[in-house]
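A, B, C, D and E label the chains in the order they appear, each numbered from 1.
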Amino acid sequence: MDHASPNPPPGLGRLLAWAALAAMLVLTVAPLLVMLKTAVEHPQALYAHAADWWPSEPTGVNFVRVAGGLDAEQSLALGGSGAEVNFVRALLNSLLFTALVVILQTTNSAMAAYAFARLEFPGRRLIFGAFIGSMMLPGVVLFIPNFILIRDLGWLGTMAGMVAPFALMSGFSIFFLRQFFLSVPRDLEEAALLDGASHFYIFRRIVLPLSTTPLATIAMLTGIGAWNEFFWPFVVSPGEDMQVLPVALQAFKSQTPQGQIDWSGLMAASTITVLPTLLLLMVFGRRVVESVQFSGGR
Amino acid sequence: APVQLRHLLWDASQRPMYQQCARDFERLHPGVQVRVQQQGWDDYWSSLSTGFIANTAPDVFANHLSKFPEQVDNGVLLDIAPLAQRDRVDPAAYLPGLYDNWSRQGRQYALPADWDTVALLVNLDMTRRAGIADEALQRLDWNPRDGGSFGRLIARLTRDEADRDALDPAFDKRRVKVFGYQTPAAGGMMGQTEWSHFAVSNGWRFQDAPWSQVLHYDDPRLAETLDWLAALPRRGVSATPQQLGRLGAETLFTMGRVAVVPIGAWMTGQMARQLKFPHAWVPLPVGPGGQRTSMMGGIGHVIWKGTRHPEQAWQWVRYLGSPACQQVVAQAGVVYPAIRGLAEVALQAQSRLGADARVFLATAQGKTFAPPIVANAAEINEVLDSAMQRILFSGEPAGPLLREANRQARALAAR
Amino acid sequence: MIAEVNANNISAMTDHEAPAQAAWRTALPGREAWTAWAMIAPALLGFVLFYALPALRAVEISFTDWNLLRPPRDVGWANYQRLWHDERFWQGMKLSLGYALMNIPLQTMLGLGLAVAMDRLTRSLFVKSVVLLPYLLSNVLVALVWLWMLDPALGAVNALIEQLGGERQPFFSGADQALATVAAVNVWRHMGLVAMLFLAGLQNIPRTLYEAAAMEGASEWQMFRRITLPLLRPVMVFVLVTSVTGSLQIFDTVAVTTKGGPQDATRVIVHYIVQNAFGFLKMGYASAMSMVLCAVMLLYTVLQMRLMRADQNDLA
Amino acid sequence: MASVELQSAHKSYGNAVTVLRDVNLAVADGEFCVFVGPSGCGKSTLLRSIAGLERLSSGRLLIGGREMNDVAPARRGVAMVFQSYALFPHLTVYENLAFGLTLAKVDKAVIDAKVQEAARVLQLQPYLDRKPKALSGGQRQRVAIGRAIVREPGVFLFDEPLSNLDAALRAQTRFEIARLHRSFGQASTIYVTHDQVEAMTLADRILLLHAGEAVARHGSVAQFGTPLQLYHHPRSVFVAGFIGSPKMNFLPGTLLSAGPAEARVRLRCGTELTVAADAQRLTPGAEVQVGIRPEHAEAGAGTQHLVREVLWQERLGDSTCLYLDSGTPGLPWVLRVDGRACAEPGQRVAMSLPASHLHLFDADGWALERRVDIADQSLALTA
Amino acid sequence: MASVELQSAHKSYGNAVTVLRDVNLAVADGEFCVFVGPSGCGKSTLLRSIAGLERLSSGRLLIGGREMNDVAPARRGVAMVFQSYALFPHLTVYENLAFGLTLAKVDKAVIDAKVQEAARVLQLQPYLDRKPKALSGGQRQRVAIGRAIVREPGVFLFDEPLSNLDAALRAQTRFEIARLHRSFGQASTIYVTHDQVEAMTLADRILLLHAGEAVARHGSVAQFGTPLQLYHHPRSVFVAGFIGSPKMNFLPGTLLSAGPAEARVRLRCGTELTVAADAQRLTPGAEVQVGIRPEHAEAGAGTQHLVREVLWQERLGDSTCLYLDSGTPGLPWVLRVDGRACAEPGQRVAMSLPASHLHLFDADGWALERRVDIADQSLALTA
């Protein structure tokens, strides 16, 4: 820490620290580069050049392949597995899934959070406590009964089934937003009240517009979580109609019995999956970093 | 509106031909549409389970002999015996045993779609360089003590970096360039391509009869077979799991790092397309009992009991088992149709790809055995796969492990 | 998973519980409660449907034998008795614990080191983003990429090891290394997150404390040990609690890479539970096991929260 | 346009804390009333009760003669300016000004007219399209006032409206508020502050509130009167000590004799003083306190003086404060004298206590009426 | 124990911003020196440079006669009290006080003796086992000072140590610091504040710093002298305006004639004034400004007066401020007069400008030397 002397001479310790940091950065990036390299490697060149760090004959054919641009016969001819996982559809499913979860969860949680922060009603503390307690339940306890519930609702294999448990609430989102709403200056709401506004009006017209930052934060966290969610969609909708990207990746990986993995196709699909995350990071980098720092990760 | 049927299968390479069948079928039955969907083997069964549970299972799907007993127990499969009787399906049209594999106590659960046997795939460049005549490959024998001529063959084909073979006392088993033979995996409860043919040719059998709870995994004849196989990597003749990785035996073979691999009939087309060197499909070695044996597996097409269109589903299954569709299947050259006489068509298709795979038919016509058919197969498979992995990859002695595994397996089969 | 435990937040919120003071509540007495109920209605529905009832349901199911296809059969405590004697269950618990013991110390130490390095060297958003990137990727994807990187025959890592003159390693395929490999992959994925948490903690420490210490003659190391570390305690506790509860629930990576193998070396408890539930359709048995796991985790969380309360934030 | 009247107003939170007790108050049409008092004494609570943001526990609140206890805030005809300004940060100045009218679904044209008029009065026209963020502190303050003006209330309420401004701006905005008040015609204004200067300079009348246990003993109201009444005729030790800076010096003693216009007091140290106050209601021998403001005690041996050692001095340039040893450690007597005057610590100084500048308080702290004529001296030239 | 000397000190961040320029300063052993100046003028930077927390860009720093530019902070023999106190939150008061000594591996018994002594002096003994969180603002402040004392430094540095305290506590702690300084013997103290009263009351000498572009033109130092020097003899308009509240009134005019002890000035409004200052270095006709402090301008027609309309008055009780129309809107002249005096807005008042109280500045804002004798008048009794 150079808190003491802001302009110290570049010492050995500093150099070492830079080296360590650089090593970490390389370690972080290298797997993604290997992914990219494999994705642009021609399937037939894959095994011969597996150990190379540079593609021997760069090609976009894998992307065409996983986007459904070639039929099974052509894929097989290229040395792929011939499996067809419709990544375009999975991409759309993922986008829809993420959007629904983000919009519904954030909206519903924000409303509840406001009620907990500002409104008086019998049982408020108890219900809030229970909501918070819901975060303590390990997912593994809930997935079986939830699965059965979704089945009983007839929602297995549907988007509704995938989204439902996430859509109505999240203890974390409610807690997070409530903390923020508590810090919204009460004066503002009182001023509006003096002007004759109702509570819902205040929530919608004053509190929400003032809370774009925490809303964006929570939306971002929820979105990242949803985009990467594997287990629940996998259990509820493994079939190809409703597959989301992580499930599609997993399905694509295990196409042929006892067969080999179609690595170049898989890495191309992986690359496609990573892109939105990279894009998010590039556009909203600071916000993402701060959100995650805030949340402590979920 | 036309009736919609969903058909699910796991092998991507078979999808095109069944789609062809579906188109043909739709022409014959204008009121029915068939969607052929595919889901990889790893998630196939859990996704089916979900379907049964959720009432969203496909109307018709490809089934596997090792998996269907559980479904029978759970009552999710439609008994097609009455329909077969009504429409006079002739069991004799199929290769012997294929139809009966899918029946139990007078009920019939599937019409067979194809069959498969196992053979050896040999890199001829290597045998020729080692001075082994092609004909010698047709008459291999094997025993669990010294491996027989098969054991010698694979030892001779193994080469270290100094090009010494594994019979050479100076052979360096830590620097192996080419392995003589590769066991693909642990094989679970079936050992379809891994060990079942060795063990059965050594006089072993899975169970007393299909559906029997009496399993014989504790039999010393299985144990000695496995011990022999497990020793191969230790001797440098096979790749260790470390060297094998996730590639699979076929890939090592394709890459020219293995001289001989056991291979299922369903791989013929794909291998023929990939291999860039002279190769041959040859019969499995003859065992100590004097016979060569192979598992005869195969897909059956079943109807989900929850289907809303049992009649149309049956018509589709029936069409799948009919000569018209089987002809299409045969012409694709991917698998061998279940109906007698069409294997030759498939073989012709394969020979157009440059593959001479007649050995699979010959094997089928010889002595074959069915995979184990037993209740609670999923759990039994877990237990056995774990034991097999310890034997084949960690080299632990097979006897005690198999006794314990068999105890558990019998308990599961009885539950 | 549907809900992951976040023990820290739970403790944090009790501290912030604000007194019920709705100053203007008198203005529209009836309306307010009505509005409040309307606003929490969806969340309450979600809570009841997807948390409260399922939790009760899970207990109920754990006393049955049920494969979802036939009606459930009451079996009393049979499932619990069975798991008591089920070696594979205890093995799964042990593996999960072992995983946590490998994963957590490493990821915490690397994260801390990374955070300190970033704190001293750079404010760069780019660096932060890169460091955080692995955490933003899905488990499945991370697992797949590493499965490929670590492939014994074709993987880039083994190629590198070989170029450097080392022995090829089986990684996921070796019974003795598979669990460690899974742990390492997750260290890779979580290290950046931990680093960002520590970094936030570091940046909360007022610079003047370091200046005061410098005035008192503290060396860099003394500052780290006597100021930085003690003041990072709350973050440390948070990181440890969340990573322990998270680690005990490890599933995705295993499901993608090893499926519990080789030789059950990675059959961690959640994988075993899921296998029982969806592989063998033993919902009752799986529920019973999940109840036990839940009990263990709650116990741990309660213990940790005791510790945390005893150790409140000096900076707050 | 509206008077405000509180009758026996009480306010407590929960059962335990009584914040306000027995507040009686009548603010006339057009009057400027300032609430002051120590922190936590309930100034804001009282103001917010008038606004309707809090509910009185008991007592009556009349605005313009109508009882308002149960009327919704928006319907009381009051407008409030918050300490934080409470501007809606996501709305432009225009939208902020129009907010209440929009809610009331007033005709667009009418809204526009009113907003433009308020903006004109407050010189906010150039900023109508800006968001509050883009305004200076003083401008924000004006927008907050504008939002109140637009509603044309009968009563303006201000809760420490200047405390977020820096000293210079504070003074300037203070004048502005005074000017606006004058121009609002009959609207009355109630203004909370803890700044004495603000209270003294703005108020027609000041309401000084008790805090702590005095509330229970004497009710919340310490004194309600004009600024100079509070300065020259504080009702109690509390008021005398609260108003004025540095604080009044208190010298304990006993009453010797009391006439209608003069009392004789013997201080603890033995010195006898004459105080121009009517102490006849006390019996001689009673404990009393004599009070004198630092600016009224003279240095030198003019009239009835005490000689004391200097503890320390503060030379501020324009004046010098001398801290004299009162005999009680930590409670020195303070003298404010001319800036050139000085005295080193340890030196002895005479402090002179003119009878006409002395205050007298009884043992309970209540003031005895001063018998002096405190006449204003107009500096105006007869033009 | 140690003097502090700065020679041509410069400090800039990066290439662009010059924060400090050409600071020359000598603080003697035992002296109490206060740095004041507008926000951002570099007070903290200068203090931190002395502490060794910043590095001077150029110039020499001597402490106790030794050059210290390259010496580590801990070895300069200085101790610093931070505005935020910078107490280690995880350590008890005792551990905080002992921190530096523990690092230096001083003997336990010695540490204990020193800590106990410091705690005694600062009356911190009851709190030694508490964490800083459990202390009041004033107590924290004392711990911070204690940490400095324990180190027995030659120089104490304070950076706005009182700004986190409320008004009453601030005054009290101010006396405390003055008392401590006296008891430290020869240690010198450098104290940063932006509070004029603190500066005037604590300082032996004040260093007033320029901010903004004045730094580039005239260097950082606006004036370095005793408090009363700055009050009575400000070197420039900047200093004159900075010291004193309300601010000095400035009246622009032209020089008519200049003698050794008197100058004649004609104001814009035509009035002619005599100023007791030596303006001989200017030629007649030069633009000048006359300055007079509100407390020195008299109301009434005493000497050379101006008659102006009252804009508003503020009656504070002890004094009354009159705001007179200066002719420039928004910049009224201010008069501070006796509390009884009053004048209604609109009335006309005479403001009298005694020659001896006037300041004179040239067009560049530099003061012309006043030719008056500003003698202290001791109030001390010859005992």
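What we mean here is this: a contact is a pair of C-beta atoms (placed from the backbone, for glycine too) under 8 Å apart; a residue touches a chain by one contact, two chains touch by 3 or more.
Please read these numbers as outputs of a predicted model, since none were measured by experiment.
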Give the chains in contact with both subunit A and subunit B, ordered by label. C
By number of contacting C-beta pairs, the most connected chains are A-C
Most distant chain from subunit E by Cα centroid: B
From the mean C-alpha coordinate of subunit C to that of subunit D, what's the distance rounded to whole Å? 58
I'd like to verify one number: the distance from the centre of subunit A to the centre of subunit C, where each centre is the average of its C-alpha atoms, in whole angstrom. 16
Identify all positions of subunit E at which a residue touches two or more other chains, and write them in rising order. 53, 73
Where in subunit A do residues touch at least two different other chains? 4-5, 47, 151, 190, 193, 235, 250, 253, 261
Considering subunit C alone, which of its residues make contact with at least two other chains? 23-24, 27-28, 68, 147, 151, 153-155, 211, 213-214, 278
So in the complex, which bits of subunit E are touching subunit C? 48, 51-53, 72-75, 78-80, 82, 84, 86, 88-90, 99-100, 103-104, 131, 133, 147, 151
For a test of understanding, state which residues of subunit A touch subunit D in their complex under the given definition. 185, 187-188, 190-197, 201, 206, 209-210
Okay, in this complex, where on subunit B does subunit A touch? 10-13, 15-16, 37-43, 46-47, 50-51, 53-56, 184-185, 193, 246-248, 250-251, 254-255, 270, 273-274
In the complex, the residues of subunit B that touch subunit C are 42, 45-46, 49-50, 52-53, 74-76, 240-247, 252, 376, 378-379, 382, 385-386, 389-390, 393-394
Could you list, by residue number, the parts of subunit C that touch subunit E in their complex? 206, 208-209, 211-218, 222, 227, 230-231, 233, 314-315
